[in-house]
Amino acid sequence: MTGELEKILFIVVAAIAVASALNILIQRNPLYSALSLIVTLLSLSVLYLTLRAQFIAAIQIVVYAGAIMVLFVFAIMLLNVPKTQPEVEKQKGLRLLAIPFAGVLIAEMFFVLRQIRPLTLPVLSGDPDQVVGTTWSIGTALFSDYLLPFEVTSVLILMAVVGAMVLARREGD
Amino acid sequence: MVPLSWYLALSALLFTIGAVGVFIKRNAITIFLCIELMLNAVNLTFVALSGFFGDVGGQLFVFIVMTVAAAEAAVGLAIIISIFRNRESLNVDEVDAMKL
Amino acid sequence: MRNYIPVLLIFILAIGMAAVIIILSRVASKGHPTREKLMPYECGVEPVGTARERHSVKFYLVAMAFLLFDIEAVFLVPWAVVFRGVLESDAYRHLKYVFYGEMMLFMVVLFVGLVYVWRKGILEWNR
Amino acid sequence: MTNLLLEWVIKTIVILLILVTAVAYVTLMERKVMAWIQMRVGPNRVGLFGFRLWGLLQPAADGLKMIFKEDIVPLQANRWLYIFAPALSLIPALMTFIVIPYGSEINLFGRAIELHVTRMNVGLLYVLALTSVGVYGIVLAGWSSNNKYSLMGGLRSSAQMISYELALGLSIVCVLLYSGSLDLVEIVNKQSVWFGHMGWNIFRFPLMFVFIIFYIASLAETNRTPFDLPEADSELVAGYHTEYSSMKFVMFQMAEYLNLITASSIATTLFFGGWNGPFVGRLPILGPVYFVIKVLALIFLAMWIRYTVPRFRYDQLMRFGWKVLVPAAIVNIIITSTVILFLA
């Protein structure tokens, strides 16, 4: 019963994610594309919840939907070029090649997906606060086994601050 | 229960949509949005495998990927803004020279 | 993950409420649109030009600074939880200086970033 | 499972109804407090069958009036975004409240009912996530109206909100260093030591200063005076909702007051012990009473500030946020972690 409900939830959320992802390509105005991407990000966050990755699901909204996409929206409003130029194709001949290649890729994907063992989510056991996906489990792993990536991240962010400031500021101001 | 293959198929689908967007779109910002979509498709694979194998490593990868994506977005959009200032255009076909 | 079902419930209810409010005002209000009413409001004067002009890069720079320091805050959250747990558990207490030191290192690097942004005058709006 | 689901449905609906009523009466409270501070009487005329009831029916009259106002969509606006933006601002504001605990546990109809809708391991991040999504309603309202005042107000308001969101997030970290959990129920339980009222976070050493940062940041986050620059009437008419009328305008107002209520509730939960108070252990029904009293006191404080402090200038506002609040929050994190490192 609950298994069926989970499947229905997955299908609905996945359909929203795919539809809004396609909408990114359909829209001409980059602002609408950005808004569709936000919808995709939010539905992915719901899928993370069904996989028990609660912390990542929350971070997905705080960082991706709430910070990175705000930056995109600001940049789009700042530049204000709603009408893009017509999408010209340079090499029309490549389109003919695309169809067989796409066919091969889709066939390969089906082949691979059929090989996957029918896994189910592991049964929860022990202290619910220590289960994979909670703040505690992420934190302990991040600050012990993954300490080096974490410290390098701070340097990366510092470099991004310096780089972006130098690039975006005009010489005069 | 939702099988693992469903998550992987969805992830592949989203990645493909993102890749197609990078190829067919001409607006630099939209291309950037499609790259973000591809990153998220990969993140879904990481989280799905992490959940099904009960290993926290995949989720940490996603955490780091998000950080890198933030740095990338900040620098990338700054580049786009400075290109726009010099060229008055966001069409990537017009900015194919490696100089401003 | 059962605890997250109410989020779905309240999301649906909130959307329903917003929809009801929008439809209610549609149904209840009688519109008498005139040309002046549908114009952008500019204190009663005929609008000049368009609103969709390019804006100061300052807004973008602030959003960018926010994004990068928000990442820092996001890293601090699991650290705070783990640091408290380490102090309270007997098994890990000897590691407390390690956990303290690694975050101080992280914050020093990012503080340098804040100082850079400060010195470059990104945070000044009156220039 | 079915019982639990039914309980959740009932709790969510009750919470929604309480919130909507509370919003209506907080607007009345705001007008009464404003009148009191400015030595006026405030709304007292609306009545039913000749009874005036001290203006208690004013919100109902306001609501009815707003419903019948003309609903204008400007010709040059992006129609769908224009209609969608107020909903985008209202929905996150309505969703926040479900993680806030307003009591411990009471017995009702023979079963123990926990007085919170739900608890989650990442409760505080859920609140922060909804706050950060709330920016879109404002920025899109400003953009879609196609009005210079709206766009300027929207951009200013969103830049302000994200700046102060940073200070808000950093100040919350200090509380986490004491509670060791993001679960709001757990945070309140940690404060119920020492007779239920002396264990509040506000009485701990650096956290009283953190509360000041948190409160200022949450005032700015909810766009209230002295931080109401997006609506600085003298320069921007009405900011991002200049073009909005009728119920769409009401949705923005509702979102603003809901955010005020939520911010006060979060402040109560994080710093003032939530529902904790004297004798709450023996009489659990006192929990919601204490909670409401504390939230009302904080809302009153916000109104008091609104009517006594003049508005900031925009450059002062941004400078204050980035050069005072953010460094102060970072220094507080260092102090808090050092203190608990040596004392715990």
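Read from first to last, the chains carry the letters A, B, C and D; within each, the first residue is number 1.
Keep this in mind: a contact is a pair of C-beta atoms (placed from the backbone, for glycine too) under 8 Å apart; a residue touches a chain by one contact, two chains touch by 3 or more.
What you see is a predicted model, and the numbers here were worked out from it, not measured in a lab.
When chain centres are taken as C-alpha averages, the shortest distance to the whole-protein C-alpha average belongs to C. Set side by side, the interfaces A-C and A-B show unequal numbers of C-beta pairs in contact, with more at A-B. Distance from the subunit B centre to the subunit C centre is 21 Å, each centre being the mean of its Cα atoms.
Computed from the mean C-alpha positions, the centre of subunit A lies at a distance of 7 Å from the centre of subunit B. Separation between the centroids of subunit B and subunit D, computed from CA atoms only, is 34 Å. Multi-chain contact residues of subunit B (touching two or more other chains): 66-67, 70-71, 73-74, 77-78, 81. Residues of subunit A in contact with at least two other chains: 50, 52, 54-55, 59, 62-63, 66-68, 70-71, 74-75, 77-79, 135, 138, 142, 153, 157, 160-161, 164-165, 168, 170.
With touch defined as above, residues shared between interfaces to two or more other chains in subunit C number as follows: 4, 52, 55, 57, 59-60, 63-68, 70-71, 74, 77, 81, 85, 103. Interface note: chains touch in the pairs A-B, A-C, A-D, B-C, C-D.
Partner subunit C is touched in their complex by these residues of subunit A: 49-50, 52, 54-55, 59, 62-63, 66-68, 70-71, 74-75, 77-80, 82, 135-136, 138-140, 142-143, 147, 150-151, 153-155, 157-158, 160-162, 164-165, 168-170, 173. Residues 2, 31, 35, 38, 54-55, 57-59, 61-62, 65-67, 70, 73-74, 77, 129, 134-135 of subunit A are the ones touching subunit D in the complex.
Residue ranges on subunit B touching subunit C, taken from their complex, read 66-67, 70-71, 73-74, 77-78, 81.
Residue ranges of subunit D in contact with subunit C, taken from their complex: 4-5, 8-9, 11-13, 15-16, 66-76, 83, 86-87, 90-91, 94-95, 98, 117-120, 124-126, 145-151, 155, 159, 162-163, 165-166, 169-170, 172-173, 176-182, 237, 242-243, 246-248, 250-251, 314-315, 318-319, 322-323, 326-327, 330, 333-334, 337-338, 340-341, 344. Only residues 1-10, 12-14, 17-18, 20-21, 24-27, 29-30, 32-34, 36-37, 40, 43-44, 47-48, 50-57, 59-60, 62-64, 66-75, 77-82, 84-85, 89-91, 93 of subunit B touch subunit A when the two sit together in their complex.
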